[in-house]
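Given below, in the form of structure tokens, are the structures.
Here chain A shows up in two complexes: once beside chain B, once beside chain C.
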Partner chain A sequence: MPATARARSLALLLGLAAGFAGAVFEGHRAAHYSKPSGFRRLHQRISPESSFYPPFSMLENLALARWQPGKTVVIIGGNSVLEGAGQSADHLWSLRLQELLGDRYVVVNLAFSGAYPSEGGALVAESLLKRHIPVLYVANAANGPQARPYESTYGWLFWDARAHDRLLFNPARTAELDLRFTSALPVVRAQLRTSELSARLNALLGFEELWHHVAYRHFSTIWTFVTRDRFWRPRQDFPDWGPDAPPPDQRYRDNFDVEMIITRGASQTFAEPDGQGGWRAAAGPLHQADIDIEEIFPQLLRPRMLLLLSQSSPYYRDRLTPEERARDTFVFRTYEQVWRRHGIHAVIAGSDFTADDFADRIHLAPAGGQKLAELVARELRQLHSP
Partner chain B sequence: MIFTSHWFLLFAAAFFPVYWLVWHPWLRRVVLITACGWFHWHYAGPAGVLPIIFLGVVTYLVALSRRPWWCHAAIALNVAALAFYKYAVFLSADVLGALHAGWGVAALARVEAWKPAAPPLAISFFVFEFVHYLMEIGRGGQPLRRPDQFTLFAIFFPTLVAGPIKRYRQFSDSLDTGLKSVGLADIAAGAQRVALGFFKKLVLADNLTAMISTYQGQFAALTPAQAWLFLAALGLRILFDFSGYSDIAIGLARVAGIRIPENFNFPYLAVSLRDFWSRWHISLSTWIRDYVYIPLGGNRHGRGRQVLNAIIAFGLCGLWHGAAWHFVLWGLWHGFGLVINTSYATQFGHTGVWLAGLLKRWPALGWLPTTLFVGFGWLLFFYEPAQAWAMTLKLLSFR
Partner chain C sequence: MLPDRLRSLWPPRWPAPVALLAWFAWGVILGLFLHYVFYRVSLPVEPFIYVAF
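Let's look at the complex of A and B:
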């Protein structure tokens, strides 16, 4: 090979190696500082709804950047109800919560649309506790069994946090995961191994941190329907455009039958007639919920957790038969006690709200958000006073 | 996609440095065989590896005998294995079921009782390479005597999943050269090719896939301009996806110092359908030509037979892409197109002569009809015939 060609090849390969090393270095650096600016919530255009999968470090950085010694971090997890669907960024319930709690608390809303209480925010709360930062964790849940953080939509956050050694010691969770690694169906085992391997590789090389930092600050390479007109633009250019709920007379217009089925479903499979005109909890889901809560939430987090059992809008609940309403009340109270049995402070949220407080069956309009903030602030103060 | 999986990145990071640092060609060969076996086992599992080992051993031993009839029998075995694993459900439910519903149901029940849930990984590529090998040996070619040579031809990991379909003599020579003399230039050229492939696949093809997935459900509501853009996206997506994959395979082989055949050569610059098939999935189109079209008689037995041979060859080409009627129709669409493309000058009287003269003088005039023909063909490739027809009508109505 001619000397010039050899030199060119060598230069290219050295450049590749240097570029790779530089990318790894930048990825690890980004893990320490990268976060969305002017953050209020994980809105549609910085969440998986638009193929943006923020790494665990990005979520944790949001909390770390705002925390100061002497303050307590309030991490909000859970689903779109707590994310604030139905409230614009300016009327977000978590902003009101921050006002009510005052400056000795730092409220960080890390709820994701469709997430379970074990995902996202819960993992960040664990990590902060591991750093000995005072934390309170607020999430909402449906009645019944609970999903593990590694088996659902936001599973990458669990594997990412685990690979970075950011999770609290939780022997029940470790034992359950070990069991799955050894005795789950081959296809499930393969998925678990793939997720674990990806996260470990990322912990080593920091590519997710780098890519998401670049995508947020500089440019994106992913086309999504949500960002279709300017998909190459950095995600920081896309504001939180989640709207407030429409005026009350324009709500509750669609899918009435489906929404009624879901409203009934909140209690239907979790209770059965006791033969004396009352209700008793269905044993299967109750037992499973006990197992799930015990395995998912570390002991250290539980006393710092507020779990909200989200009620549907009275627009639908008022249309339940008296029998269904009694069952609904029974199930919500039963599961409130289930969570409390495990040392987690649980309350039913929304049972005293009006139909106008809701944007739809489950999400809250700004007025409902205000009420939720008041409820949560009251309960958090009971739970913990700085 | 296997090449973008984290396991593969780790595998490549472990394999290539060892391969480069081992100085002796024989040791390199051992490293390469081990890596190829590991790769195949990881992605295919025992259920995917064992049938391939069986077919490979039979193919290897039969080729050593160099007896044409044995080679033909081994070809039949390979084709039967492909038919069983990949086409049994289609043949029983769609073909036999179309003839007689009861037969279809009975055959499908048998097939489902016997067949594994998924065919062995890349069985189409294995079978095509084994058939090529056996055909060449049956025609008097020299077999690969050493098992390691044959093993590497069979399970060379860069081409295992999506080709290009290799030719054993060319591959064997290139393998020997690469094992002896892989150098910086190979590594640099291969790395650039791999990077190009990843760009095509991850940046271009995957984004086009997202767009297509989003808009295909609302195709009827698109404006004419949007609908034509959708068709363009469909054609570009398959090009970038497939040629990106081929670039990665060719690049990975080159990083090991081994050159494998090109698979694409700017196919959308083709000015005739014949030109298109000399640029698109070249390793498949030449395979079809050499081992289906020519053995059937090619153009040696008159015009009618040539047409029939082209239709059969392209029908099989379509079926190779997937076990469904729309793939067969896509193949037939191209088969008929090629028949017209190669015969209009002599069959369409003065118009044909005039058109042939025109296109000979200004070949670029053939670009638009060729591209449109190929583009409409993609609708058949990706969608059920009724949907493809509805999409075609919408495109042509400009409404």
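Let's look at the complex of A and C:
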């Protein structure tokens, strides 16, 4: 006897519920184990540059999988300079840092191209501290005001971590968010609400965790330009193709004028003549930077942070006028002190590097990466000894 | 004819337990797909049309 229409519908609905519930269950399980294998950095094919948005849990699992009691986790955040653009996977500065620090430290490079020091790695460091795991956080920043972790491309990591209750208590951050939820422009409020709702829904249903795990391990369903040849292949099959910097005589060939404008811009808006032949900090950006740092970084994280102020290559800095060079030095020193005032250990990175240490204006070649690793290892040992 | 042969493969023509199992399996597939759609539409920059994948 054939099944009645009602029985068939019921079977379909039961199946739908079972399939969905099974996926939710697997998503929550994936949040505990899913992570890239043989991980060195978030290269182009496992990052938003190829529409791969690793969930917060995937980043945290990278640190948790390597940590053992008695070890200190060193989380690297910040932008492409610390991600290691200009160095191939085998010549990565963070590998050298791991060698220099030894096996009592575990170095995990979670820097993203174009990220701010408040994003990705900073949030993972917060979560590890919340788990009472000893952690040090290294990031780089530009001079001036700082962006909040929900203000850029990598904002989903903040909402994801927040929805999973992985962030430290930070009343200043909560107050600022509350203010934005109530007083920001309608379009901004709508954007914030959408991001928050999406993250809350994911915390409940685990769809990001499950399908990013599937995309990494089994098959990808997303066509992107950088994976266009075989976009369906799991992302684990795409190696880190980031190249080493070209030979020194082939560097600094493009966009000279633009790079000079950017080099000047590192200090141009942050200082003004003091009328006595010297420089004083521009009050507006300085005040905003104070507000931003105080609000963004929780008190518990600050003594465990090393903040690098990344200098441009001397190829460009040496071409500044004497006044511009004096302003550049003044601004970097001023902002070094600004970070320190908030209890964050800041140092200027790259001011004693040569042009050959850089791959371009700001990224480091393998030789520069070695020097950076030595600088960071030295500063981290001063900051903390296990 | 081909349509008749196809119709003979359609779940309602099967015995009740087999048909219900087939409908249940289709439900499971749809449930998984629905979960996948949540992931797909939550990606920040991709246009909705790629849900087709």
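Assume the second predicted complex is superposed on the first by the 382 of 386 C-alpha atoms of A that agree within 3 Å, B and C clash if a C-alpha of one lies under 4 Å from a C-alpha of the other, contacts with A are read in each partner's own complex, and residues count from 1 in each chain.
To be clear about the criterion, contacts are C-beta pairs under 8 Å (C-beta built on N, C-alpha and C of every residue); 3 or more make two chains touch, one makes a residue touch a chain.
Note that the coordinates shown come from a computational prediction; the quantities given were computed from them, not determined experimentally.
S.K.: Which of the two partners, first being chain B and second being chain C, lies in contact with A:156: first, second, both, or neither?
M.R.: second
S.K.: Considering only touches as defined above, state whether A:278 meets chain B (first), chain C (second), both or neither.
M.R.: It touches nothing on chain B or chain C.
S.K.: For A:18, select first, second, both or neither according to whether it touches chain B, chain C, the two together, or no partner.
M.R.: In the superposed model, A:18 contacts chain C only, not chain B.
S.K.: Should A:6 be classified as contacting the first partner (chain B), the second (chain C), both, or neither?
M.R.: first
S.K.: State whether A:198 touches chain B only (first), chain C only (second), both chains, or neither.
M.R.: Both partners.
S.K.: Contact-wise, after the overlay, does A:225 reach chain B, chain C, both or neither (first, second, both, neither)?
M.R.: In the superposed model, A:225 contacts chain B only, not chain C.
S.K.: Should A:208 be classified as contacting the first partner (chain B), the second (chain C), both, or neither?
M.R.: A:208: touches chain C, not chain B.
S.K.: Hey, is it chain B or chain C that touches more of chain A?
M.R.: Larger number of chain A residues touched: C.
S.K.: Can A:303 be said to touch chain B (first), chain C (second), both, or neither?
M.R.: In the superposed model, A:303 contacts neither chain B nor chain C.
S.K.: Show which residues of chain A both chain B and chain C reach, each in its own complex.
M.R.: The answer is residues 1, 8-9, 12-13, 16, 51, 198, 201, 221-223 of chain A.
S.K.: Taking the touch rule as given, give the residues of chain A at its contact with chain C in the complex, in rising order.
M.R.: Those in contact with chain C are residues 1-3, 7-9, 11-24, 27, 48, 51, 53, 153, 156, 198, 201-202, 205, 207-208, 210-212, 221-223.
S.K.: Would you mind writing out the residues of chain B in touch with chain A in their complex?
M.R.: Within the complex, chain B contacts chain A at residues 5-7, 9-10, 183-185, 187-189, 191-192, 202-203, 207, 210-211, 214.
S.K.: So in the complex, which bits of chain C are touching chain A?
M.R.: Counting only chain C, the residues touching chain A are 11-16, 19-21, 23-36, 38-40, 42-46, 50, 53.
S.K.: Which residues, counting only chain A, touch chain B once they are in their complex?
M.R.: Listed in rising order, the residues of chain A that touch chain B are 1, 5-6, 8-10, 12-13, 16, 51, 194, 197-198, 201, 221-225, 228, 231.
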